[in-house]
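This is the structure I want to talk about, given as structure tokens.
As written, the chains take the letters A, B, C and D, and residue 1 is the first residue of each chain.
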Amino acid sequence: MISIGIIGFGRTGSSVCDEVIKDPDLSLSWVLRKNKSEHLFASKKLGHKTDSGKFYSQTEIDADFFSTNKVDLVIDFSNEESANFYYESIIKSGTKIVSAISHYSSGQLLFLKNLSRLNPILYSPNITLGVNWLIVASKILQKIVPNADIEIVEEHFRQKKGVSGTAMKIANHLDLDVNEHINSIRVGGVVGKHEVIFGLPSQTIRLIHESIDRAAFGRGAILGAKWLMSKNTGFYSMEDVLEDKFRTYI
Amino acid sequence: MISIGIIGFGRTGSSVCDEVIKDPDLSLSWVLRKNKSEHLFASKKLGHKTDSGKFYSQTEIDADFFSTNKVDLVIDFSNEESANFYYESIIKSGTKIVSAISHYSSGQLLFLKNLSRLNPILYSPNITLGVNWLIVASKILQKIVPNADIEIVEEHFRQKKGVSGTAMKIANHLDLDVNEHINSIRVGGVVGKHEVIFGLPSQTIRLIHESIDRAAFGRGAILGAKWLMSKNTGFYSMEDVLEDKFRTYI
Amino acid sequence: MISIGIIGFGRTGSSVCDEVIKDPDLSLSWVLRKNKSEHLFASKKLGHKTDSGKFYSQTEIDADFFSTNKVDLVIDFSNEESANFYYESIIKSGTKIVSAISHYSSGQLLFLKNLSRLNPILYSPNITLGVNWLIVASKILQKIVPNADIEIVEEHFRQKKGVSGTAMKIANHLDLDVNEHINSIRVGGVVGKHEVIFGLPSQTIRLIHESIDRAAFGRGAILGAKWLMSKNTGFYSMEDVLEDKFRTYI
Amino acid sequence: MISIGIIGFGRTGSSVCDEVIKDPDLSLSWVLRKNKSEHLFASKKLGHKTDSGKFYSQTEIDADFFSTNKVDLVIDFSNEESANFYYESIIKSGTKIVSAISHYSSGQLLFLKNLSRLNPILYSPNITLGVNWLIVASKILQKIVPNADIEIVEEHFRQKKGVSGTAMKIANHLDLDVNEHINSIRVGGVVGKHEVIFGLPSQTIRLIHESIDRAAFGRGAILGAKWLMSKNTGFYSMEDVLEDKFRTYI
């Protein structure tokens, strides 16, 4: 059993807790959230009958919290400030970290990389298995057919601002100009869709990922967490996890 | 039986001839092509056993050709110059015209509209049934759900220059800014695809047209030709044909 | 303002309430639910600040309820038993009914049809605008191209049993054998998708509807409710509503 | 430069010749076809200006042909009888074979396997790069997410009989019951499409291959031919080629 602590209990964080609770290989020790809750345990708040994931609020966290309440691995779905406040204590207590925060400053990234020399950190803003599988599979296909035309199409709900960060990551991995080869569709009724189109003179190959809810993040974080348990140090991303899976299963 | 003359025997023109020959309601009287052919009849060139579609080259056409070789309707898949050379004689001989030329100047369009007061002309650069059905169906849907987000996606082979004219026509019919709402994908392995996406807060409707060869043009021209036979005068487009079909069948 | 009563406050019913509350043309008078709630008003339960949609539980309903608490129109998302218990009183109180119940017995359908001679009833198991638009648009396209090959593809979450009722309705409207022409895909990660493919010799037209949450039902019910306000008697379905919209907007 | 002989000059065979002629790494030595041609060279028949791919008809082939006109590799797009007539002589002359014949009897397969101990043979009924990439990528994904629901959808032109052999091959590679998990769509206007859908609880991944003409076969055969040049003996399929590419590029 791998013991897990979770930082963040927003819409995604709570969905991740739910996935961790349901996974027979994991035990949820605690959940660190912004404010106090009327429940003692995340499990109860999520409608489970067992007690797991004891709630702590920010004000209850002192210097010793992460060593006193030591877990094997912390999953962070809160925001970028948690890195400043908690990561050094977490890593120094001998705990690994999976972070799915949307954005870190370059200074923070350097800080994380330094910490990861002591204990491993896996960081991926889009941590779904599907998207990262798409990236690795696309990179291999591009090497097999280097002359293919490649276009990325991403569809999201109307309110999403700017080009999808995931689409830009795909483009970067394929050495495509993000201004030229990403096509962004914004309409109501779409949760999130990424498509990579490979065009050859007489055939096309399309890789399409669609997610319908946040549970996809939780499952991705769990896949990453289990994989990270075999590492002692190092700074990784979900592409590393998937590349490793490709290597294992080919 | 409707007697047909065809102008143009390029890749699309010859495909149109083939469709006309196969249609039991039509008889192909003659085909006007640029150069002499080794065959007397288009039907023979296309591998049919019967004699139909007698070939004439440009140099054989004099002022009286269209009255001497009078047909009910001329289908034009050649180029914009045919309008200057032949249309007045055709219309004045009492023959109707279906034109699928890609582009006319504004002067030519005025000229065609004037001629159409004598005998009807149907003009559509993209004359496939599918695309024009898409336009009419999309216009109705937009009126039912005026707040929907609408995006157009068009995919074509890599070499196609600029935004698809058909996509621009769809955008114009839906009052969408062509610079904002058309997404153009250019990759090998795609013949031609147009998609209109309607996004509502919790559902999407997609209308997708794909063509795989030029026969789609021939069948569209025939549908238009048969419809035009019931008209005495007027300047029409394929959207008019399809709107009329919608009215008939709703 | 149209005054609305809603029967049923399950997952779909509560989503419908939410849509009715947000619609400026409608006022939600009451909501009839199975059990008592800790809230007095549906609006409060749904997080709105205003008071609308007073909750009543089944035990509070007597013979006079629907005349004492008269509304213009009742929307029913509960279950088939509500028809037996309430519809006669509703109709006789001079109120119209929109029902989105999944299934009625043939006896119940006869009963509804009889009632609808006094006041109009609109009944559709799948009441989304999108699906019903698809049906009407497909019927017209089939009449325009009677020789097209038509196939229906429906994708739903793994647990859905049997062929989608909506797909069968589409097949019936297009006179297609449901055993031959419906292709059912059951996989995780899909909410609900219906696709009608029209294949012609050199082109295809696809109509695709996807919904991502239950709000699509509420919006469909509202569209139907507003339309039904112009009727005095009669038994209608959402296809009738959409056909009428097509007639208006073509 | 790899010297190539081609057996078969039907619609697919001639497309393959064209691809071989255009490839700078290959030289087309001869083409074996059923009947005499009015042209001396396949290149001329295909509109190229150079002389390559000298035509031979079946009656011109004697026991010594393949050693007298020795090439590095023979590509066979004819029919299953060529294996009986020619393969032994080809292999014994020290030449490798790529065969894309649709079907061999089990006896023939045994015969080919025996021959391949002398010189390597690559045999794949569907030899496109795209489909075989799909198979290998799908197999890896299935191992990463063993609990995913997997469905195969194949779309082909109306006249295609039975379930697509390629779809059955995909199903076999993924250990799926071909009667349960293949969905076959037959409509006009579709050339050929294979889709593998992976459904997870909150996301889907789709791999889609579409081909628009036979050149896809030629390019696949060439990819296989180049790969086979590095082998001395053995019986291979295109999946082996692609698996090897995955291993190289991961």
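Brief remarks follow.
One rule holds for everything that comes next: a residue touches a chain if its C-beta (ideal position, glycine included) is under 8 Å from a C-beta of that chain, and two chains touch if they have at least 3 such contacts.
Nothing here was measured: the structure is a model prediction, and the numbers come from that model.
For chain B, the chain whose average C-alpha position is most distant is A.
Judged by shared residue numbers over all numbers used at their interface, chain B and chain C contact each other through mostly the same positions, with over half in common. In this structure, the chain pairs C-D and B-D differ in their number of contacting C-beta pairs, and the larger number is found at C-D.
Taking each chain's centre as the average of its CA atoms, chain C and chain D sit 51 Å apart.
One finds 39 Å separating the Cα centroids of chain B and chain D.
Listed for chain A are residues 189-190, 200-204, 210-212, each touching two or more other chains.
By the touch criterion given at the top, residues 128-130, 133-134, 136-137, 139-141, 143-145, 200-216, 219, 242-243, 245-250 of chain A touch chain D in their complex.
Of all residues in chain C, only 189-191, 210-212 touch chain A in the complex they form. Contacts from chain A toward chain B in the complex involve residues 148-151, 153, 155, 158, 183-190, 197-204.
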